[in-house]
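Have a look at the structure that comes next, please.
Order of writing sets the labels: A, B, C and D. Residues in every chain begin at 1.
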Amino acid sequence: AANRESSFSLEEYRRYGRQMTVPEVGISGQVMLKKSKILVVGAGGLGCPALLYLTGAGVGKIGIVDNDVVDTSNLHRQVLHTSENVGMLKCDSAKKYLNSLNPHVEIVTFPKRLSNDNIFNVFLSDKWDLILDCTDAPLTRYLINDAAVICGLTIVSASGVRADGQLAILNFQNFGPCYRCFYPKPPPPNSVLSCQDGGVIGPAIGVMGVLMASEAIKVICGSYTRENFKPFLNLYSAYPQQSLRTFKMRSKVPNCQVCSIDNDKRIITRSTIESNELNYSEWCGKVSYDVL
Amino acid sequence: AANRESSFSLEEYRRYGRQMTVPEVGISGQVMLKKSKILVVGAGGLGCPALLYLTGAGVGKIGIVDNDVVDTSNLHRQVLHTSENVGMLKCDSAKKYLNSLNPHVEIVTFPKRLSNDNIFNVFLSDKWDLILDCTDAPLTRYLINDAAVICGLTIVSASGVRADGQLAILNFQNFGPCYRCFYPKPPPPNSVLSCQDGGVIGPAIGVMGVLMASEAIKVICGSYTRENFKPFLNLYSAYPQQSLRTFKMRSKVPNCQVCSIDNDKRIITRSTIESNELNYSEWCGKVSYDVL
Amino acid sequence: MSRGGLDQNFNGIKTKQLTVQKESSPILFKDLINHIVENYISNKKDLETFIEEDTIRPGILVLINDTDWELEGKEDYELENGDLITFTSTLHGG
Amino acid sequence: MSRGGLDQNFNGIKTKQLTVQKESSPILFKDLINHIVENYISNKKDLETFIEEDTIRPGILVLINDTDWELEGKEDYELENGDLITFTSTLHGG
């Protein structure tokens, strides 16, 4: 598409000028942003702010995956949707606003819930440079992770509940650790870790979405390289004092079931997923489930 | 106004439910938010995200002070405005969106630039509970600080440039340190500290605005008390790794020119400001200026 | 001591100062695990969330000061006075 | 070492490890100031931004590890090996 050429119109120079003068982005970074394609899964508490800032920053193409409709109970934190759009598909509501924020960005929507059957279609629907995991169901995180690793895609992943959040870059250039390296095993169903509905403070999840946009810009602009990338996990907490801690994390785990360098250890593959051998079932409300 | 009563409609329960279940807010915090009135100075890079999350959270009344109009060069970071609103007053553009995000919040606008002559009118136009300083000119920060201290108002203050940001709570309950306690003297004019135009990355300034909204919620909901409040300064940096550091800061400075407990030391007063004895002149482009 | 969901296991306690005593030094991380299980986990279901095969469940991240315990020797890490230990699991919201 | 505008004074250097030597210990913060002025500030205008009446300009915040230097004795603070010193001024954007 014309909007992903490497030259800028005068209007684009004006629009991105303040950002291009920051050395960490520069004109070359702005070109990389324009040429980039980012797939954002989830247009909720994390996705709304991430989408706003990625669209503002001038990413060339953004895909939004969400089959949910806007509900009144979303609006305290999902600030890209409005009261007038209650009942509308979130991806449509988001697209409408984002188009008016920055018409240079191509927005495409996938009004579906990712599943074993459709995830490869979505992930391979274009040459995506990056996946943002802005979902709210832990088992979907395993599904997204597995498909992204298999497709060779880097993930910026965050989550949050109440007043706390986490952020990590996963499968960085097929070289950094993946979600399963960090969390080889989901918590048992119905445990306090899985099913509680803890509520969430708007700006606490909002801050995580904005931090994701920053990390996405850093990944696209080449701030991270195989040489300087160190696996990390950020923990944010709003109370008692707002804090963002950075933890140095393990590298890729040798016997990871999806990202192991050793072919024999990689028992999760496109075919185990598409054949439904691997069942990423609902997190809550079931006594048992079957996930690797 | 009806919307600041302490009871909630069913729609409001639905809207704020997820937030009220977080213990740090609770129903009592939601009532305090609804009863609160917050004045946001500046609807730019900091003001846009702060306004989005404060409106989402259900603050009773929000005032927006900004005499600027939306420019294309704002849109990469000022994500509450759209390309269609270029040329419109920022406070009007903001109000329009915020009304559709949450019709329960009363939004009032002050399309003026704060000056010695009008700041007390604005600050005393209602019983504001809190000031958010989202401005981008350092001398305005002194003016806002001085008037807020004189009016007995707490300030949540942030700023940012390039990929870095600062945040502090100032004059907390007339008891914490003020901006002049931290920065008794502005840098000399035309120094590298004052006039450079360093540019700014959208989500880097955006994150500061969201952090401001969190602090505002904490102040309004009573998370900070005179007993537990410790003066602090947060420093955010987007590179190389996103970090938010917290520094333990000095208490109120005994000989502060505006907030000293000692009457004789307090040489900045409403009358020295309104008589223009104190000249908060333009920061850049002047060889000399006269500010205490 | 704990954050992000797991504090439910410890009656909502987020940070707690612990004194672990043992007849012979050094005190290892596995001693801390025993100490926590014996003193702070009240029911069996919470135990299953936290412990598996006598160690921390693989779904829980253990962070010693600013570093993943996988990089620090896991159960055999020698605790030092003042170490900040963080347990976290995946958060489920977004 | 420096952040938020002030790094312009130091050729854009944000973090730098310094070795300050002195014949007699202790090494005080004022020795560090002299060391920086002598070795890292190249022109007079930058000097005026940073120094006033032989100490750090009142518009600049000095942070020693995680604490305002006002709480640490300012120029007379005794430096310890590994101390992280941050200089910051008010930022001017919003």
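Criterion: a residue touches a chain if its C-beta (ideal position, glycine included) is under 8 Å from a C-beta of that chain, and two chains touch if they have at least 3 such contacts.
If you want to know which protein each chain is, UniProt gives these names: C, D = Ubiquitin-related modifier 1.
Quick caveat: nothing in here was measured; it's all calculated off a predicted structure.
The minimal number of chain-to-chain contact steps leading from subunit A to subunit D (Ubiquitin-related modifier 1) is 2. In this assembly, the C-alpha centroid of subunit B lies 40 Å from the C-alpha centroid of subunit C (Ubiquitin-related modifier 1).
Between the CA-based centres of subunit A and subunit C (Ubiquitin-related modifier 1) the separation comes to 29 Å, rounded to the whole angstrom.
In subunit A, the residues that reach two or more other chains under the touch definition are 162, 198, 200, 246. Going by the touch rule set out above, the chain pairs that meet are A-B, A-C, B-D. Across the complex, subunit D (Ubiquitin-related modifier 1) is touched by residues 42, 44-47, 134-138, 141, 158-161, 164-166, 182-188, 191-194, 196, 198, 200, 205, 233, 235, 237, 245-250, 283 of subunit B. Residue ranges on subunit B touching subunit A, taken from their complex, read 11, 14-25, 49, 52-53, 55-58, 72-73, 75-77, 79, 82-84, 97, 100-103, 162-163, 167, 197-204, 206-207, 210-211, 213-215, 217-218, 223, 228, 232, 234, 236, 238-244, 246. Here subunit D (Ubiquitin-related modifier 1) touches subunit B in the complex through residues 3-6, 8-9, 45-46, 48-49, 57-61, 63, 66-68, 70-71, 86, 88-94, going by the rule given at the top.
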